[in-house]
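Data first, discussion second: the structure below is written as structure tokens.
To keep things simple, chains are lettered A, B, C, D, E and F as they appear, and every chain counts its residues starting from 1.
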Amino acid sequence: MGELIKNGIRVDGRKPDELRRIKIEAGVLYRADGSCYLEWGGNKILAAVYGPREALPRHIQDPTKALVNARYNMASFSVQERKRPGPDRRSTEISKVTSEALEAVIFTELFPRTTIDINIEVLDAEAGTRCAGITAAAVALADAGIPMRDIPVACAAGKVDGVVVLDLTREEDQGGEADLPIAIAPRSEEILLLQMDGHLTYKEFEEAIELAIKGAKQVSKLQKEALMRKYKKVE
Amino acid sequence: MDMFGKISAVKKDYLLGLAKEGKRVDGRGFDEYREITIERNVIKNAEGSAKVKIGNTMVMAGIKLEIGEPYPDSPEEGTMTTSVELPPLASPEFEPGPPTPDAIEIARVIDRGIRESEYIHLDKLVVEPGEKVWIVFIDIHVLDYDGNLFDAGSLAASAALQNAIIPNERHELGDNAPLPVGKPPISCTFVKFGDSIVVDPNLDEEQVAEARFTVALDENGDIRATQKGLAGSFTLDEIKNNINRARIHAKNIRKLLEE
Amino acid sequence: MGELIKNGIRVDGRKPDELRRIKIEAGVLYRADGSCYLEWGGNKILAAVYGPREALPRHIQDPTKALVNARYNMASFSVQERKRPGPDRRSTEISKVTSEALEAVIFTELFPRTTIDINIEVLDAEAGTRCAGITAAAVALADAGIPMRDIPVACAAGKVDGVVVLDLTREEDQGGEADLPIAIAPRSEEILLLQMDGHLTYKEFEEAIELAIKGAKQVSKLQKEALMRKYKKVE
Amino acid sequence: MDMFGKISAVKKDYLLGLAKEGKRVDGRGFDEYREITIERNVIKNAEGSAKVKIGNTMVMAGIKLEIGEPYPDSPEEGTMTTSVELPPLASPEFEPGPPTPDAIEIARVIDRGIRESEYIHLDKLVVEPGEKVWIVFIDIHVLDYDGNLFDAGSLAASAALQNAIIPNERHELGDNAPLPVGKPPISCTFVKFGDSIVVDPNLDEEQVAEARFTVALDENGDIRATQKGLAGSFTLDEIKNNINRARIHAKNIRKLLEE
Amino acid sequence: MGELIKNGIRVDGRKPDELRRIKIEAGVLYRADGSCYLEWGGNKILAAVYGPREALPRHIQDPTKALVNARYNMASFSVQERKRPGPDRRSTEISKVTSEALEAVIFTELFPRTTIDINIEVLDAEAGTRCAGITAAAVALADAGIPMRDIPVACAAGKVDGVVVLDLTREEDQGGEADLPIAIAPRSEEILLLQMDGHLTYKEFEEAIELAIKGAKQVSKLQKEALMRKYKKVE
Amino acid sequence: MDMFGKISAVKKDYLLGLAKEGKRVDGRGFDEYREITIERNVIKNAEGSAKVKIGNTMVMAGIKLEIGEPYPDSPEEGTMTTSVELPPLASPEFEPGPPTPDAIEIARVIDRGIRESEYIHLDKLVVEPGEKVWIVFIDIHVLDYDGNLFDAGSLAASAALQNAIIPNERHELGDNAPLPVGKPPISCTFVKFGDSIVVDPNLDEEQVAEARFTVALDENGDIRATQKGLAGSFTLDEIKNNINRARIHAKNIRKLLEE
């Protein structure tokens, strides 16, 4: 404790309300209907969208709307200790909350009996992969032309050495007091995903969630710039 | 992925209509829990156990302790693991098989509440430092499902841990001793449908819910874990409001645990 | 040997032909179509019945009768050494013979293309769980209004210290010479389930099975009393 | 759950009709086994092996021994484990995949017969007391399925164990030695359809059977294991009668094993 | 090295271009539509064919042809270290290349929407099981009356102590420099299966594959003799 | 079992027609690879990594090293294991779940090329003889699938191994060191449709292919592994011809690796 922030500066040189370096590229895959490559600090994420396409087997079809099926997966080499391939409990939970957060903005009722499949591959991981994954997936959805009422975006805040900070690094996540990842619809500021673990007073919680929303809105700009670059390239 | 099967649009309209008049399908107020009962020490073979009912929802938690290895990064701490079983006994929608995403989400949210509030004193569960520690298995078995498994499961786990013992005798390590625990987290869950947000949803309400929010609070009312679920959204004000409502509920529920 | 029965009295104070304490309650669950809670010595069992309902996927349907599908499951905390969740070979066999024993009395031909699902959860175990489970399941079936030609009931006999005894405890099961669980249709005394392992001469086998039938008929009375109490409550 | 797929009602009527006249579909008497042949030492890589045919049913048992840990509650005994494979080779109804309930039931009944008759002298299979013991793997592979796998599998297992060796040389523990065994159990199976009960059912008879009964007998004709199966019932007299019939059959089958 | 071939003679007494003892019997199983028992050196193989029969579930059906589905399986007792039951990566690959090799000669277009299931059980293994399995499966296919444009046959060559040899034993496979199993349609000499691992110069590769073809053609004669014996018996 | 789903007969006719004129669907010659690019050291958490593109096909290989036990029959050698993931990200036909037969075949063929050419010096990966050795995990993750995963995966694995390190520091075994490797194998894949055999098939060509042939060559052009796939056949001359063509391609591809 007391080692992660010195004179208001964090271990990687950032200020408390500063994001890590983020790089977003839309439309990077040949086969997928929409895709995105995203680097966020040390995270490297690839997201691909397929659909809407017929949901199979048929008994899973919903006659009133499209199913939104996000799958978060970590490559075995993306973490220091090799991860066994296949889903574990953590990735199952992240896939579920990611699916729900993204479904919240998609006009699913336009595509009954179909599925929209969103694949998030974490190729290199350094804390904050779920936010990076949702952010990349949202760009891939837009790139695939899936009608949405807003382009979701995610960001985390947390508490480190008693200070509420934006966008935790691995050391801060491990040595800090709380982590609070959110996803929002940036125009309405509706909260699509909200998880938190650690210890926050009510005041700190308010401060953290407001900081995370602020951070998410910055990331939202980068998403839109990436999509603009893609459209320009295509023209 | 969907716990509830097909949802009747009629039911949704009915509940939304009621909610506009400030009413709920079972007559409760928006900020009213169903009756909660806790029965402890119900399973002889478990190191600790509790049966919790919230209305018609019934959940059993059993605690087992085994000796195992610590995690390499915390050699001087015991470990804990939380699982939720949704057996076909408890609902016509539950099927046998490995844990569904629903069961995993509930287990992980309950686990975070217990872990982050440091309810179990894991540092006191070392048998041989770096070599042997106690593993605390928290197994939550749903017996009758009428909504709000997050709170029922969390409460059952807390109550079962409260009276659990360390089975030293079975391992020839001296006398049995109480499991060292602090103050339990209290979980409080809301669902939103239309413009209404109600606490302690029953099954009907879960089936029409657009968004769900769970918060685990410690004895000071501080926040130890939160989870938003389902394919809807909350505004920031709604989230803040939920937490303030939860702080009142948590005080009342905490009293039940301390009886 | 020679330690489990002294002066004709067993370790828990019972006589050779005496049952353990049994408590049966019908209709204890809200969601299930029929249910039963049963305590039998140290065993605590919950049984729930769902159905008859459409068998799915459709290719498993039998156009001539209902499928009877019992599932015996031990809660992970129901035994001294924590049991890993999910079926093992023992519970798979018990589920199979339980399904068959119960199907034998159900008028399955009345409900073609359906399934009758019987769930038996062992919450606390102390020897004799399969008999306790069948006994509880039979009450749950009756509570669900499933038409049966009789209400099945189960009980075990065995051999301990050379003596044929009724309804073994855990010590007797482990230290004894044989265990013989049966299920019967009590009116006709037909045998629906019969397993046995250990060592019995033909004479001892005869004696044991007859003692088990006698025990089962006593348990049958408790089943009927439990169902009567339930009906009275409902009236 | 059903090994046999759809059963022809026509076949059932035909077999019931025959049975009323005291006849069976393949011309046997009610108390007549099909021809039984035993071939031993057929697999070089196995520590013991036997191929058993009962009529058209053909089963192979292979014994493998490995060194492992004893069970904590019997530190001075080797262990045994029995499995039955129903590969798609043996029947159009068998499918690849993990053991079905049918395969598990057969394996467990055969295992109980061997275990309860103390056929393998597990107390002589200790390498280092409490640490290392021999694990005896009894693997029964069905090759051609025309009914009565309980008896064919049990007989193949018994014959394979009879000539098995302890592979001490492979583990540098001295010379190979015969696996220490006593007297094998003999399994005898009946099925009931209508009022008739026949021994050694073939596939047609299994498909129409209402109830099945298997008993494993030791060399004195004492009972070591029984199993009633299928969704029909037996009267107490029928069970007693089955056992008395089995005691005669077992004597004859035992002679084949002792040849 | 230099220990496996002495004076042109191999450890088991064979010459470099000599096959192990092979014994083939067709039509050995009662239930299967076609079957074969084959011994090849220390290998003992049983093959059974079922079909053509309706492919189920229906969505796997090919409306233009039969599916050919070979399954190679080693019995747990067929190897020195007991093999855990069920498919592993090796047997999955062998099943795949075997299916493809056999499909190449079957007139699959005659049986749309069906499956032809080929089951190969290795009962005793001593190097060369995949070639033995394909050879047995081909006889079982012929025995089942499946229309084929030729009866496939397999054989391996390899390199041991610098010498190209036919049909490796276990010691030669483990101590040798290369193994090259092939399957051919013997009349046209088309290559249906070809795998190889080890180290061969281009010259050696040519020599080995030609030797393997020569060996396969000898085995082909034994297949035909076995089928002839079967037909004679039936007449 | 089929990676490609339903194949359009129209597409097949079109490609066969083109082939008769010596043309391919994307304008290449029969003996022309698509553009190959190799990017190294792209994953910080991996001990070695490379991203390889062959045309639109994109594959990532990551190397991880862990300490484990040697195989009993080679106590003084490290071990290696190769896996291929075909995640649903890379193609609409790929589904989540355990490795398919396609993925297993690709992984095993790539593994044989690396193993048989002794690319990794396993004898230099011993930590404690007989007790602890390095396990080299070669994980190949397909990112975009437009044909020829055998060559793309093999090349990515070779490039990733080329720059991999032994993470001694993480295990307190001294300084990190380069993974000891020799000369990589080069994999070269052909498919046949009609009378034509083309190198480096793209997805369209794989979908109409009747037979596939892969050969892994060492730096001398010697053959280390071959694999024929699919339900068609090659003549002996075609096989020989493929290998001779491959020896030329391999030289060119090897240059890319040595840059």
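Just so we're on the same page, a contact is a pair of C-beta atoms (placed from the backbone, for glycine too) under 8 Å apart; a residue touches a chain by one contact, two chains touch by 3 or more.
Predicted, not measured: the structure shown is a model, and the values here were computed from it.
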item: Those chains which touch chain E and also touch chain D; value: none
item: Target chain F, source chain B, minimum contact steps; value: 2
item: Between chain A and chain B, centroid-to-centroid distance (C-alpha), Å; value: 26
item: Whole-Å gap between the CA centroids of chain D and chain F; value: 48
item: Chain centre separation in whole Å, for chain E relative to chain A (CA means); value: 51
item: Junction residues of chain C - those touching two or more other chains; value: none
item: Overlap residues in chain D, where contacts from two or more other chains coincide; value: 99
item: Direction chain F, origin chain A - full chain order round the ring; value: A, F, E, D, C, B
item: Residues of chain E defined as touching chain D within the complex; value: 29-32, 42, 44, 46-48, 50, 53, 71, 73, 75-82, 85-87, 117, 119-121, 123-126
item: Of chain D, residues touching chain E in the complex; value: 42-46, 49, 56, 58, 60, 62-64, 66, 83, 85, 87-92, 96, 98-99, 137, 139, 141, 143-146, 170
item: Contact footprint of chain E on chain F as seen in their complex; value: 1, 99, 101-102, 104-105, 107-108, 112, 115-117, 213, 218, 220-236, 239-240, 243-244, 247
item: Interface residues, chain C side, partner chain D - complex; value: 67-69, 89-90, 92-93, 95-97, 99-101, 103-104, 180, 185, 189-202, 205-206, 209-210, 213
